[in-house]
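Next come two complexes, and both contain chain A; in the first it sits with chain B, in the second with chain C.
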Partner chain A sequence: MKSLGCWPQHDSQRTGRWNPSLLGWSAFLALLLFPMMAWAGGATQAMSVEYRDIPGVGSRNVVWVVAQQHLLLAGFVLGVPIFAWVCEIVGWKTKEARYDKLAKEFTKLLTSAYATTALFGGILLFLLIGLYPKLMAYLTDMFFPSFLLYCLLFLLETATLYMYWYGWDYMQGNKKAFHLFLGFLLNVFALGIMIVPNSWATFQASPVVVADGTAWERAWAAMQNPTWWPVNIHRLIANVVLGGFIVGAYAGIRYLLAVSKEEREHYDWMGYVGNFIGVFGMLPLPFAGYWLMREIYQYNQQMGITLMGGFLAWLFILQAMLIGVLFLGANYYFWMGITHRIPGSESQYRKPVMAMLVVLLLCLGVWMTPHSLVASLEEARKMGGTHHPLLGVFGVMSAKMTVSNLMILVTFMSFIMYWRAGKQETAGWAKAAKAIMGALLVLAGIAVVVLGVWGYFVPAIIRINYFSVAQVLIVLFIMITFTPLTALLMKSAKTTTEMVWGKMPIRAGYSLVLNAVMVILLMSLMGYARSSSRVHWHIYGVMRDTSEYAFSPALGYAAAFMSLNTFVFCLLVAFIFWVATLGDKAKANPPHGKPIDVPGHAAPAMAGGSPRVGEKLE
Partner chain B sequence: MSEVALLQIIGLCVVGMGIIILLFIKGMFLRVLGFVAMVLGTFSLIALSVPQMASLPPAVETFDLASVKSPEDLASIGQKIFFSKGQCALCHSIGPSESARCPDLNGIGAKLAPGFIYESLTQPQAYIYLDYRHEGLPKEYPARMPHIDKDPIGLTNQEIYSVIAFLQKMSGEPISVKVEDIMNVEGEGDQKNPKVASLGQSSQREQQEARGTIQE
Partner chain C sequence: MKGPIFSGAIILVGVFVFLKFLLPLFTAPLPASLIYLYVALALSGIMIYGTMSAPSLEAFMGPIFRFLSGKGQTGPAQTARLAVLVLFPLLVGWQTYTKLAPSDLPPAENRTIHPAPPGEFVGLSNPYPKVPENIMMGKGLYAAYCSPCHGANFDGKGPAAPGFNPPPANFSDPGTIAQLQESYLFWRIKKGGVGLPVEGMPWKSAMPRWEVELSDEFIWKIIMGEYDGAGQSPRTWEEEE
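Let's look at the complex of A and B:
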């Protein structure tokens, strides 16, 4: 053991190439090898060990915290490349430098968080191997070839990220196309890195019968379990949402801390982009969630009931609350943008904003109405059961599907309103287009409500298979038709009021932070739901959890843990981003002499939008 | 002090600390942290105010052969299994119910032969009775009968026979499952049990002939 730890140093001294980092790595390896060697010594005993515990804290709690940090960081580093790349393409196509700079700033945050994500992944792996050896042996036996694939993808992702980040300034001009191709590869590998481990986790929830075959055949069969692709799609979208809102929160905090006008303008714009990305991803997310729940029900009705009607039923009330606050926060930010960035628009949009607020609050109220009320025996007797005669009507899925669709519609219209504010359509067909859009919107709203009410009077199967799907399609239709139509209208529109950046009130920064916290909490909450839906099984129906932690804790305890995890994650991200911007501060304020003049795109701290001469912001 | 009360106090302290920071601290970053703490504390307090239910793992139930003296004892054990380990009541009702997602089992012991019930429990996909809702459109989704003898439910043959005895008793039928048969049935490996296999096959044919609505 000792010799292992000292050998590299000794060798380096002998060869005259003493390397402190080599020593560090050796010490790290020795640290890792120590428990492995200790366990190897009692190999026979280790083979029979099913669980190990961490006294005082509990193995599950430790794994919970580490896994949550890893997953949140992973969600961020897999979501950011998507919109960083899109932003770079927009900059390339429009020739506007600010988009390229913003994409670079996104990538800087990504690069900073990447190593920490991998670090937590490594810690999680060691903890799982050490604390759950039997489960990990089973999963390794089933999935080993996919482990190798994962390692390969990770290597490719890392190499591509290095080239993408460090080659940013070099690959401009003629080389930009290659840089964009690297961005594309980065996203392809990131997708692979996400979906491979997803298959391990989804197999635990929805295992399939794996017939005999080669190791690759067995791994592939296990990967293709019923909830794999629903989770892949759901996580892909959720990662974009998480990335967008975290970038928004970063911009919000930087906006609050900004001292110069340029900084305020830049981070106001960055906050807007972050919020836009978050909202853009959030709109289709409930549809992906619906598909996932549907697949869960189809796979195992009992698991679906555990989630929606069993001990986790109240979790969905909390989920409704978080999503409701998120919708309100995102809309509020849009409305503040209309008021403060487009002077004179406030009076024009006050009434629609008020109407939207009322609709959102009503929808939130319905969504948060529980199916069964918490009532004393006396109260329950008076009500004739735990279902309230009036409120009970809102506690069922038909009502909740309706209001969630309406909230999506309202949020989408907030965005459209923001887009159109301060502009005057000049196209000859603008009046007709606006009338058609208005009529379609009213019809869509009525159709969603009618289907929702009708849903009470048809068998559940009709509602699930036809009515709910129709509601989703109606909302998607509105989004798909309105977006290009508005884009066409805006193309020829005349700007009546120039967008003014950096004038948002302080509460705008806080609302961006609030949105990010809501998304992090939501991801933590739904992670707990997915894990708890397996109840006392490591692998549902295949490997029972026989440890002392085979129970799912109550919501209150779990929520306290989620809050702790969220706070730790926020601190971690703040630290990472702070470290990432230290270099920029040094460039801006050198210890001696004048600030270093960093030309063009080599100014990462202020990259992306500080308006300069000749650069148009909107 | 209960765990919930302790967590509520911690949550209140966190919210209070957040408010104090927002009121008295000038540093913007600390103020943001205070705001985040306030939001998280509030979330925890709300989560602590809803009904607190933990999901405890079920005890591994065993078939106590020694306690079975009569068919009624068998039906009594079957009733316990029906509402607990067997998880039948999660989807099925006994008598009309709006919340039931699967066929009403009222009188099922009189309508179906024990062999057919056995097959329905262990090979639910062998024959699909599409019109089991008796009204409205046939419902194939989301209800899907699990294999009761396999995980996650995993009833043994003895337990399945007890459930059949309960279904018969509940339907007012004489219990045809005999205690001595139960004693001879192996707990595992039902496919190898000739008694069970023959019972299933014969009743399958009977049922197929008797009911035109049964489809493959």
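Let's look at the complex of A and C:
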């Protein structure tokens, strides 16, 4: 239905062609104000307005960019408290001040990004109310009680974050336990803040029939839609990955800029922790993604095919490329860590690294091979179609699941290798334990491959319900058994070569930045896939999109927007972090060479001006 | 001549030769897009391995930097450097030209082979029991209507198959009907190539619109016969008893 309050549209928009008018973008802010005046005049017609538009740019594009920025910022803001809190616990238990300092530095980044996240959330809300009034009226009617819950959670989260951040130094010593409890609450509220709006978005994709009842009963019924928990779990893990890699990139840039030995050591270590957190989250992420896709497919075959076999299937090939780069980048960083932080270890680890690299590349080759190949007419004729008779088998889920499990296994072993590097096991049972671990690893690899190949010869439901699950369980078994076993081995091990921090080459810093960019691009890509799988529905099968934007953009157009979103987010994060570190710079370079007497929390948190560890409060 | 650069070059050339010339001796040639993808992967592997440590970086990149900087070069080395500096941009230019120059060849396709079915076909299940009589009837109908193109062995090699491009689907391939639900096949058989949605463009399918000639009952039974004959099972969400 054409909006009564709508603006006249350019022809290129009617036809769906992309005309990225620079003028349109540059006039965006001015236009945001202009429609307000126009809409104010049409107040009497407001109830019949279904859509409004922003000329020259397009309402969908504006919402796309703002929503993506909000989601990425929110992912960071909700992911960081998890590992900041864990880091703080580690510092508290081990009595190592560096962990506490690191946790505090994580939280500093969090406080800086928090306000911007809320700002983009507010902008998104205004845009949605203004541009999609009919949809928002429907969602408000359905979810209003949960809106109130969300507001309450937001208030609690904000209050807890303030206390957590500003009370950091005050709550040391015997008050630390309470500070840790605040960290726990922060994460509980953050989880709530994530899952409540997730229910609104997942309801749009997989709505359920909502029977009559009270407003709370209806809202609760709508929240419990089939993709709600798969998305919750997937996002929770992805937020940790995003947070870890962004923190890693922050450390990487600070490392590149560091001038003193202490700074280099600290940011080298912080980069390592960031990469570790990112990898740690990345390992179970494909499993969560698989569960989500399975639920989508089971919910609606049409949506499942649109995503995995239809016009969005190419996004999954791009996803494979990006995940591949992420895996390679994370492993590359681990391997560089071994060769640079543990002097003299290079020759010892060159062969295992090569073996792991070859396995990763082979797996990536399989993962990136599409089912239907991009081929010219002549090439397709020679192949007998767009499916290659031999390599076509790489294009289906059985192959993809197998190689993704192997890549996770290899990456986990990279970490184990890094952990053991420069140490000599002294326990009497070390030799037997290593032999068992080696045998288990080989057996696990073989079992994953056998199940993958066997998967071609059984009905799909057997593969999905048993083989794929078994592959995942095998890899998880290896991770769950190897981690404590290695920890036990390392407990009694003697250090043969001390790990030296601050010796990483500059390309290590760049690889941390690359990982962050890849994960941002990846989230932009798959966020688009999830959202566009609704095709021309606002609420799948319930409320049809009747605006002029009720079409799926071409993949090139979508990819351009994903790149734009990634670029804008990187700029935004760079700006926020720059602002966050201004306080540190001021402290490091006081005017006239005199130390600044910072009275408690005089400098605002948004400028990173919290007192340092050890500073006394007034 | 040895060293990591030489080894890397050998690996790259080896991968290319294997994919381009050796593999086609045993199977169909690979499209250029896939060869490019695999060679790029091999190159990234070489770069990662070559730049992992300080000594490997020096061994890998040092000769390249020294060669390109031209310090102390005389004679053939200097000529080689000049040749590289002239030929490399020309190569890039030629590649760009060949990619962008107008051609009478059709562009490479990334057609969506399995577009999403329309809503009315989603969730349908075969209303006929999977009993030998129905399967046999389905196979008989398949032999009459489908096998000329899709082959008596369900392998896409029927007598009429050579006349089609793209060729008829090979049902014995685990990447075809085994990945789909029965309702999907029902839609494709009933509506044929002309019933493909916009996302399936370009509509390159000679599949007839069988609803004109076959009843729904026949189509469901053909599907049953197809799966049985090809030794495949349809995608389901419940395990069969």
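The working rule: the second predicted complex is superposed on the first by the 548 of 618 C-alpha atoms of A that agree within 3 Å, B and C clash if a C-alpha of one lies under 4 Å from a C-alpha of the other, contacts with A are read in each partner's own complex, and residues count from 1 in each chain.
Keep this in mind: a residue touches a chain if its C-beta (ideal position, glycine included) is under 8 Å from a C-beta of that chain, and two chains touch if they have at least 3 such contacts.
Quantities reported herein were computed from a predicted structural model and do not represent experimental measurements.
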{"item": "Touched partner set for A:532, first chain B, second chain C, both or neither", "value": "first"}
{"item": "First (chain B), second (chain C), both or neither touched by A:491", "value": "neither"}
{"item": "Which superposed partner A:314 touches (first chain B, second chain C, both, neither)", "value": "both"}
{"item": "First, second, both or neither for A:554, with chain B first and chain C second", "value": "first"}
{"item": "Chain B versus chain C as contact partner of A:456, first or second or both or neither", "value": "second"}
{"item": "Which superposed partner A:302 touches (first chain B, second chain C, both, neither)", "value": "both"}
{"item": "First (chain B), second (chain C), both or neither touched by A:513", "value": "first"}
{"item": "Chain B versus chain C as contact partner of A:570, first or second or both or neither", "value": "first"}
{"item": "Contacts of A:540 with chain B and chain C, given as first, second, both or neither", "value": "first"}
{"item": "Chain C-contacting residues of chain A that also contact chain B", "value": "298, 300-302, 305-306, 310-311, 314, 374, 459-462, 465, 541, 552"}
{"item": "Chain C contact footprint on chain A (complex, rising order)", "value": "298, 300-303, 305-306, 309-311, 313-314, 328, 332, 335-336, 339-340, 346, 353-354, 357-358, 361, 364-365, 368-369, 371-393, 395-398, 456-462, 465, 505, 507, 541, 552"}
{"item": "Interfacial residue positions of chain A with respect to chain B in the complex", "value": "253, 256-257, 294, 297-298, 300-302, 304-306, 310-312, 314, 317-318, 321-322, 374, 459-462, 464-465, 509-510, 513-514, 517, 521, 532, 535-537, 540-542, 544-545, 550-560, 562-563, 566-567, 570-571, 574"}
{"item": "Complex contacts: residues of chain B adjacent to chain A", "value": "3-4, 7, 10-11, 14, 28-29, 32-33, 35-37, 39-41, 43-44, 46-48, 50-58, 87, 90-91, 101, 133, 136-137, 139, 141-144, 146, 150-152"}
{"item": "Chain C residues within the chain A interface of the complex", "value": "23, 26-34, 37-38, 41-42, 44-45, 48-49, 51-57, 105-119, 122-123, 165-167, 173-175, 178-179, 181, 183-184, 199, 233-240"}
